[in-house]
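Order of writing sets the chain letters: A, B, C and D. Residues in each chain are counted from 1.
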Amino acid sequence: MDLGAAAFPVAEASVTVIESAPVGRRYHRLLLDAPDLSARSRPGQFFHLLCRDGGGAGPYLRRPMSIWRCGEGRPLGFLFHVKGKGTTALARLREGDALSVVGPLGHGFRLDPAWRRILIVARGVGLATLAPVTEAAAAMGIAVEAVLSARAEADLMAPEFAGASGAAITALFDADGGSDVEHVEKMLRARFAAARPDAVFTCGSNRLFLLLQRLAAEHGIPGQVALEQQMGCGLGMCFCCVRQVRDETGKVVNLRVCAEGPVFDLQAALAW
Amino acid sequence: MVDLATRIGTLTLANPVMPASGTFGPELAQVFDLDRLGALVTKSVTPEFRAGNPLPRLCETEAGVLNSIGIPGKGLDHFIAQAMPEWRRFRAPLVVSLSAPTVASFADCAARLAATPGVAAIEANISCPNLEEDGRAFAMHPEPAAAATAAMRRAAPGMPLWVKLSPNTGDIAAVARAVEEAGADAVVVANTILGLAIDVETARPKLGSGMGGFSGPAFKPVALRLVWQCAQAVRIPVIGVGGIATGEDAVEFLMAGASAVQVGTASFVSPTAMLSVIEALEKFCARKGIARVAELTGAALPRAWREAAE
Amino acid sequence: MVDLATRIGTLTLANPVMPASGTFGPELAQVFDLDRLGALVTKSVTPEFRAGNPLPRLCETEAGVLNSIGIPGKGLDHFIAQAMPEWRRFRAPLVVSLSAPTVASFADCAARLAATPGVAAIEANISCPNLEEDGRAFAMHPEPAAAATAAMRRAAPGMPLWVKLSPNTGDIAAVARAVEEAGADAVVVANTILGLAIDVETARPKLGSGMGGFSGPAFKPVALRLVWQCAQAVRIPVIGVGGIATGEDAVEFLMAGASAVQVGTASFVSPTAMLSVIEALEKFCARKGIARVAELTGAALPRAWREAAE
Amino acid sequence: MDLGAAAFPVAEASVTVIESAPVGRRYHRLLLDAPDLSARSRPGQFFHLLCRDGGGAGPYLRRPMSIWRCGEGRPLGFLFHVKGKGTTALARLREGDALSVVGPLGHGFRLDPAWRRILIVARGVGLATLAPVTEAAAAMGIAVEAVLSARAEADLMAPEFAGASGAAITALFDADGGSDVEHVEKMLRARFAAARPDAVFTCGSNRLFLLLQRLAAEHGIPGQVALEQQMGCGLGMCFCCVRQVRDETGKVVNLRVCAEGPVFDLQAALAW
């Protein structure tokens, strides 16, 4: 955790929804009035959200959600796939409703000021997790190239990804075969040859993760991956959210996505 | 000013609210000052390293959860060497939950914990499989429960010893009496009850290991009944646990005969739940003109009605 | 077209959905055609008149209810003379739930019911106190459960005999095996589990008689686990009951090994719940390309995984 | 039950709220678009309401509620005290929301066309139960006198009671001692002497019930009382809603408020 200076770095707080809007056919975004939490949040961290609609209906447990927008003086934002009970309740929230959040949680992405250029490979709503990296990189003068893969054009959400970062985006769609692993491999190899990135980042697809892991290893490029796992407590207490990760000695151990992650070293993480 | 102090044998707690084993860790200190709690309770420590159970380890039900975590951990040596120094940073009394596969192992581990500075009490989690009885949990029957308790009592004579009982028995009062006679200083009632959920799309249990332990608000009426039965069966303090999420829930458990309460699953939904429970308990007593929270213990038991009637 | 028929011993039901005893009566015919149900199940009939328990008899909990109704009723004579003619107006098979205080009384009553036209099966509610065993329920231990079952079997040789088990035992599989050996044609799993709720304002239990039986969605994970355990313990059909409110719930119970299901508390919230369950079951099978609902039975049991693995 | 001609006299139906409004400080009224159910409903019957607010939050069991307004071509109405979890959820419903109702249930009031004049004694929200009697009586040419007792003027709801029936209302308030039993007794005795009613009706207060039972017996006037009891099924299946009532032979038996009631003979019912 990036503990910062606060005595209690993680807050349980009730905050107000300032925007709630559908994005494309299957996604939704929420902006929250939470200046203190937004300022404390770092790209790659997440919040644990109590998914209760305005009337109080929703599933018993909280749902983990990556920070999509954050920063000093900006609303705290989430962008999510409306999938099951929890996200459906979240999507029913309206401007002015209260939302209980716990966070910021977990370890976020690490950006090295020495880097000149990074490459992001994201699929589906994985782009929500990586979106704040583009802005943070831009602010540090690091150029961002992104390869976004989606089912179809309506699911791409390129503006939601890039924000004001000016990232250069290549879009791949299932429909035209553009997102096939072989095709992506060819494309990435060409990129690596043309302008080798200083680091790679990924989230949202097991197949793209495996591909990027392999190519990055081959080219000796460091990388980071944000993993997902079902959560109970979100804080590191229940041990239900483990993923297999290789430790320094190469041994496979179970690490908690909420506490040791959600961002892991690209080569240490195992496929899921 | 309401006096929130509660006594569990020789141990006095500043208030009757503490976490339930396995749902708590030093990580919660990121959210609030853990020294505001009546006690701290570790997740169960086992003698050896355990990797834990297959995934998924948790699933949601109507107002509750099923878990099958499998007590992953690095073993007792690591706990004493690495985790204890971290726990000693807190001032609230530390209760170490202990789980072991045999009576002898329970005794060994209890002796080692008794020799470890900073351990205020041992909570024996006897709901785990007993390798000497075909894997049936110690807590299912009075005899093995008493055997484990007696062995720990001998191995750690001065150490406050709490024994955590299981709902998965036909007669919890008999088990409670047996561990009382075997020397327990308190019973913790209760661990999770066995449950199951099935994913109808895949026709497989929702938990990786099949059945799991059921906890949360949906379990509360059963846990409260178990406390009520045990409080009428033994003279040692009962610590109530199961579905407690609010101050009112805690009052119910105290009135049913508990001297203290533990909060488990509710902390997942609200990490500050234990603080809310403490504050609500204090308010309840103040509103009712009750000077000491300890007066609530057993207020709804039949013996209290009888006394009131006399 | 999905075949919804299910067989319980010699009895074939048009579909696997029926009411749970004590939560159903001919009054529901005011809401829908009861002949659409797989079977009808009466509230438990006792040999003699019973006034029932003190009020309040029901209280709400998180996603469930506690009840202590006390099986009020006018006795078996009145049932046979007055209630049976009303029940005979329906075509769906009638299951009469029977409760009695002794083994001999269970046998007597079973013989009388077997001689009554229109009774398709007896469901023995053995969760009631056994007067010959200090009031402990027959269903708590294998021996008294088997004794009651064997006596009924002898007294009513040709009559389909279902035995309804209790969750308030440490080993339900052993009880299920005992009643199977004693001649039961099916086990009904399970009755309510003992629970408690306390009114913190009055410091008294919320039910007039103290503890009560817990049912409803909150109880489902426990009931489903009991069905899963019994289905692996016996060869006779298991009828699943506990917290079923939707078609998906029913599918979970069938996959856990049940051949039919009963719906209890859910009918209080939605009197047409049983119809919804039947329709949803049919839709589920159609969507999954399952021709006969009977194929669902046991689909999530370990033996089904093993077969799938072979 | 007044079964009527329908094959299934009791419906489980989802109907639409057409008005939802507070009444005074502690009460609330709901009007529902349910023409068929409203036409089939009789004064004194009740519905079992699923108390879920617009978001689906509310207690597990339904709540019984007397019919306050009903009839051919009129909305179905309820008037209730906002008391606990259930009624709070109901009061949160808004115009256009759906509400699941089960009913009409139970046996209502009986009015004899030969009667010329009836007297109604109601306290608090008991008037909601008796309100439709005034209109039914008016329609049959029976004069209605009503004595309404309430904590304070704000709780009286005389217009909610009388509707368009033209009932003659006497109001009694706790504040000025007007609702004391001794005072009410004196007043009723004077009425009975001046213009003896053909029947009396009551609901809402155990003390007023006992008083009216005694006075009616003394004067040989028939009467009816609507009882309340906590309910599970509302249909007669669970036996949790019993009250003690004297049967024809004078023996005290437990009868189900939902099935044999909620309206009972004034002399047969026992105090609670």
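Criterion: contacts are C-beta pairs under 8 Å (C-beta built on N, C-alpha and C of every residue); 3 or more make two chains touch, one makes a residue touch a chain.
The chain lineup, named per UniProt: A, D = Dihydroorotate dehydrogenase electron transfer subunit; B, C = Dihydroorotate dehydrogenase.
What you see is a predicted model; the values in this text were computed from it and never measured.
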By the touch rule set out at the top, what is the minimum number of steps from chain B to chain D? 2
Quick one: report the Å distance separating chain A from chain B, using the average Cα coordinate of each chain. 37
Between chain A and chain D, the Cα-mean centres are separated in Å by 58
Whole-Å gap separating chain A and chain C, where each centre is the average of the chain's CA atoms: 49
Touching at least 2 other chains, the residues of chain B are 61-64, 217
Examine which chains touch each other and state the graph shape they make (line, ring, star, complete, other). ring
Going by the touch rule stated at the top, which chains touch which? A-B, A-D, B-C, C-D
Quick one: which bits of chain C touch chain B in the complex? Just the residue numbers, please. 61-64, 66, 140-141, 168-171, 193-198, 200, 203-205, 210-211, 214, 217-222, 224-225, 228, 243, 248, 251-252, 255-256, 284, 299-300, 302, 304-305
Can you list the chain D residues touching chain C in their complex? 1, 3, 8-12, 50, 59-62, 100, 102, 229-230, 232-240, 242, 254, 259
Mind listing the chain B positions that touch chain A in their complex? 22-25, 27-28, 30-33, 43, 51-52, 55-58, 60-65, 67, 69, 72, 216-217, 267-272
Residues of chain D defined as touching chain A within the complex: 52-57, 92
